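Should a chain be cited, it is by its letter among A, B, C and D, assigned in written order, with residues numbered from 1 in that chain.
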Amino acid sequence: MKKIINEVENIVPEMISGLVRVNHELVKQIPNTTAVVRNDDDFADSQQVGIVSGGGSGHEPLHAGFVGDGMLSAAVAGEIFTSPTPDQIYEAIKAVDHGQGVLLIVKNYSGDVMNFDMAKEMAEADDIKVKSIVVDDDISVENSEFTQGKRGVAGTVLVEKIIGAAARAGKSLDELEQLGKTVIENTKTIGIALHAATVPAVGHPGFELKDDEIEFGIGIHNERGYSIEKISKSKQLAADLVNKITKDFAKKDGKFAVLVNGMGATPLMEQFIFANDVLDQLKKQNIEVGFSKVGNMVTSLDMQGLSLTIMKVDDDWIKWLKEPVKTIAW
Amino acid sequence: MKKIINEVENIVPEMISGLVRVNHELVKQIPNTTAVVRNDDDFADSQQVGIVSGGGSGHEPLHAGFVGDGMLSAAVAGEIFTSPTPDQIYEAIKAVDHGQGVLLIVKNYSGDVMNFDMAKEMAEADDIKVKSIVVDDDISVENSEFTQGKRGVAGTVLVEKIIGAAARAGKSLDELEQLGKTVIENTKTIGIALHAATVPAVGHPGFELKDDEIEFGIGIHNERGYSIEKISKSKQLAADLVNKITKDFAKKDGKFAVLVNGMGATPLMEQFIFANDVLDQLKKQNIEVGFSKVGNMVTSLDMQGLSLTIMKVDDDWIKWLKEPVKTIAW
Amino acid sequence: MAERACKNDCMVGEKKMKLELTNAEQWIKLFTSKLDENVSTLNELDTAIGDGDHGTNMERGAKAVKEALDKQTPADLSALFKTTAFAMIQKVGGASGPLYGTAFLDMSKAAKDEADLAKLVQVGADGIKRRGQSDVKMKTMIDVWQPVADDLSAGPLTADQVDQALQSTKGMVATKGRASYLEEKSVGHLDPGSQSSAYLFDSLIEALGEK
Amino acid sequence: MAERACKNDCMVGEKKMKLELTNAEQWIKLFTSKLDENVSTLNELDTAIGDGDHGTNMERGAKAVKEALDKQTPADLSALFKTTAFAMIQKVGGASGPLYGTAFLDMSKAAKDEADLAKLVQVGADGIKRRGQSDVKMKTMIDVWQPVADDLSAGPLTADQVDQALQSTKGMVATKGRASYLEEKSVGHLDPGSQSSAYLFDSLIEALGEK
């Protein structure tokens, strides 16, 4: 394992320190936490609902990179691939509540769900109104009410964008909760890996793929996928993923948003080629694209691979997706 | 080699097609070229000097990712690691000239310099005023008037930002040329690699490093560096690079801008940790940082590594560096 | 895997056994040492069916618990469990932080007027179920906690019983936690949280045996 | 490396030899075939001291030249060189595109009233020097072009002379082009552009020999 780091146990605090020092005009850190909050006057004066997200580190720029005007009010970073603790989330909730309540955007992992729940209980004891929505966009995992259900992956960033813009527009906590749930129901993602991520404390890749192999349906924490195949051309990969996702939508009319998300070690060049092929596929299926984006948004350390997210959108959502924001990474 | 591509010879056109389709509100493609131009009404109506850059592909988001209000007017993409041809550059020049002339921002490689020169000659034959500035910020290469001199690397993006903002502010072609030269003289970069890039047509990494080795002074096209060392902690790497660069500045008073640039396969996490250590080092040396930025700006395909750029800046430059822009990737 | 300090012949507790503060302190200390010694075992188990960090997570918790206990000696059983709970909640994160944290927090509350070992462990198991929205046979730490609570209420606990509970997770399909994403592929591996829970109850047996 | 079609005994051209269109067409065609056959040789030479693409660049040029010549048979020497130049300029890119392009463009202009082979090659070499701001002994293609121009003006050109020029680049320190970044480390490797230029002049020898 070759990484540009110091002691493994200092990775997260040092990363947050670097991020905050470089972007001190946009964000600040809550002392003694790895929680990052908006630093702008607009927010200090605003009456909007606070939007807090967070989760394990290793997915940068998610979430701290999306804190700022029009997106998140605060983000809480846990250890690598590990949910942050309730006390830190609680501090973030307190820091962004302007009396209108706080919405938590949580990715669907037992750790995240439990820690955010505990933080919610703590904040409610302070009479802060808190609601939470749980993103579970990864359709490579079967859903079932008896299990943890689907994982939350790259679609999270689109949820954060829409909710962030709607909160800026003055929507109430209840409205945002409802909007968030509807958005999440309409968001579907599948990821592929060419090479697994190396968790620094572990020191070697989470799994091995042969030189010509690619794994479909992987998660953003090295969770194994549903099949290993010989790598094919980008066109074929795009067709496979687009078909699998669009089959999952009951209706194909209306407009859709598309996100091609790099996993950390896959160059933008390949992401754009793949996006080109995805747009071709969608055109073939007469699916109208109202918004699209490409880039490293929800990564998995140094994993090589990408994910495709498709979201059924209405015109308001498109507007919210397109609105300019002031963040580090959108 | 595992890459998400189709035929190797279609990489660049397909990448540009993807980039333009995803970002059609920001940029458009000049038909039959891989040149990308601003697509906004503000530009169509403006009287500003056109700013054109370009070079070999494989450094995304450079240059097309920086086309837009406040930065480049157009960018021309060559084959991977290969300068674009003069006819394409010439088309870009014609597309962005609004009668105030066009400034070319060229990275110092013989290929780029010659192709841009030929394009300049072609445009001058059409009575378009064209000047060019040549970025050579890589101080890991000795300078000499008898050689090609230093390479142009990550500092290019800071040059593009300052020049782009100054052009938007209404500076003339001559003023921009002069400004550009001064900015370039004050810009110094060194890069390190943990793993070389794989050029798709070649199919294997450009050079090999052992599991504990890191190479100092590499270029953005797999050019070898000045030394191979055992990898050390980020703090030590930061100290080494900061010292080497600041030693190269005659004076350490005034303000400086800092760019930590990822090479393509190095996660943001590591870049922020390194930036944190760089800021510590600069503080130790009492060097005042007026602007800083971290991210994958000038990459080298899937190279693992990063570069550090330090620029001596005056207050106008800081203002121009900080001004908001409408581009894909700044 | 670490050597077990006592084998089949080793057992603890009478029916309705009371837990004393000194034993309990010893218990928690032995637990933190075992976590420290087995970081890579736990990480490896979690690499197979999770995200590879359970050892690192628990190590962080162990360190925090030790520091907290070094700072202030707990006055009673309730205080000991509360300190343990807070250290786990604030430092572990992930799934195991709130789960162990809730277990110890609930045990701390119960310990105010209850010292029966079997009952306390059942309170902890119930806390985990509540927090994790889970139950037995889901291939989680509950598959160690619940059998251990049952065994303790039936009579003295043996290391063999703990191990049997742990081994039973191998054949299960995970339906909660990260391992559930693997569905059938989770079969054939021990559950990492069950392994750390086995360390917890092995420590209990040792602490009571050394009395 | 590809087999050389003719060895030491093979030579071409009398002093003041005129270049005919048919020979020249043959010359360019042979050159494009050699480029096609030696893509990986050129890429490997360029990987050692450049960026690994000289073969791929020249292959693109070869394809474009062939297509252009297939589309329209050139009327005279000047037209042949112009077509070659434009294909190179528009399709090769990098350093070699403008260099070969300028060489052929200048040769095309000169060929309007000059058919002397040695003089034409000298015009090409001068074009490269002008475009590249370079000269002999900088470990570039000039170190093949200039000796070949000299040899041609002195008498018939032999494959041995071409090879000697090419081999001479091995010992040089590069001071222009990408290889110059390696400074002393560039010694011991052939210059890739000199290798492609050697293919050019080997092709010339073959084209004239086959007459």
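In the analysis below, contacts are C-beta pairs under 8 Å (C-beta built on N, C-alpha and C of every residue); 3 or more make two chains touch, one makes a residue touch a chain.
Everything numeric in this text was worked out from a predicted model, so none of it was measured.
Participant: State which chains count as neighbours of subunit C and simultaneously of subunit D.
Facilitator: Where subunit C and subunit D might share a partner, there is none at all.
Participant: Indicate the whole-number Å distance between the mean C-alpha point of subunit A and the mean C-alpha point of subunit D.
Facilitator: Subunit A and subunit D have C-alpha centres separated by 54 Å.
Participant: State, to the nearest whole Å, the distance from the C-alpha centre of subunit B to the C-alpha centre of subunit D.
Facilitator: It comes to 32 Å between the two C-alpha centres.
Participant: Taking the mean of the CA coordinates per chain, how far is subunit A from subunit B in Å?
Facilitator: 29
Participant: Please output the residue numbers of subunit A that touch at least 2 other chains, ranges allowed.
Facilitator: Expected reply: no residues.
Participant: Of all residues in subunit D, which are in touch with two or more distinct other chains?
Facilitator: Correct list: empty.
Participant: Quick check of your reading of the touch definition: is the inter-chain graph here a line, ring, star, complete or other?
Facilitator: Contact pattern: an open line, chains touching in sequence.
Participant: For this structure, enumerate the chain pairs that meet the touch criterion.
Facilitator: Result of the pairwise touch check is A-B, A-C, B-D.
Participant: Show me the residue ranges of subunit A that touch subunit C in the complex, using the header's touch definition.
Facilitator: Subunit A residues touching subunit C: 9, 56, 78-87, 109-111, 114-115, 117-118, 141-142, 144, 146-148, 151, 199, 201-202, 206, 219, 221-224.
Participant: Please give the residue numbers of subunit D that touch subunit B in the complex, ascending.
Facilitator: 43, 47, 51-53, 56-57, 60, 89-99, 101-102, 131-132, 175-178, 180-183, 185
Participant: Going by the contact rule set out above, which residues of subunit B touch subunit A in the complex?
Facilitator: Residues 2-7, 11, 14-19, 21-22, 25, 57-58, 60-61, 65, 194-195, 211-212, 214, 231, 233-235, 237, 260, 264-277, 279, 292-296, 299, 301-302, 304, 306, 322, 324, 326, 329.
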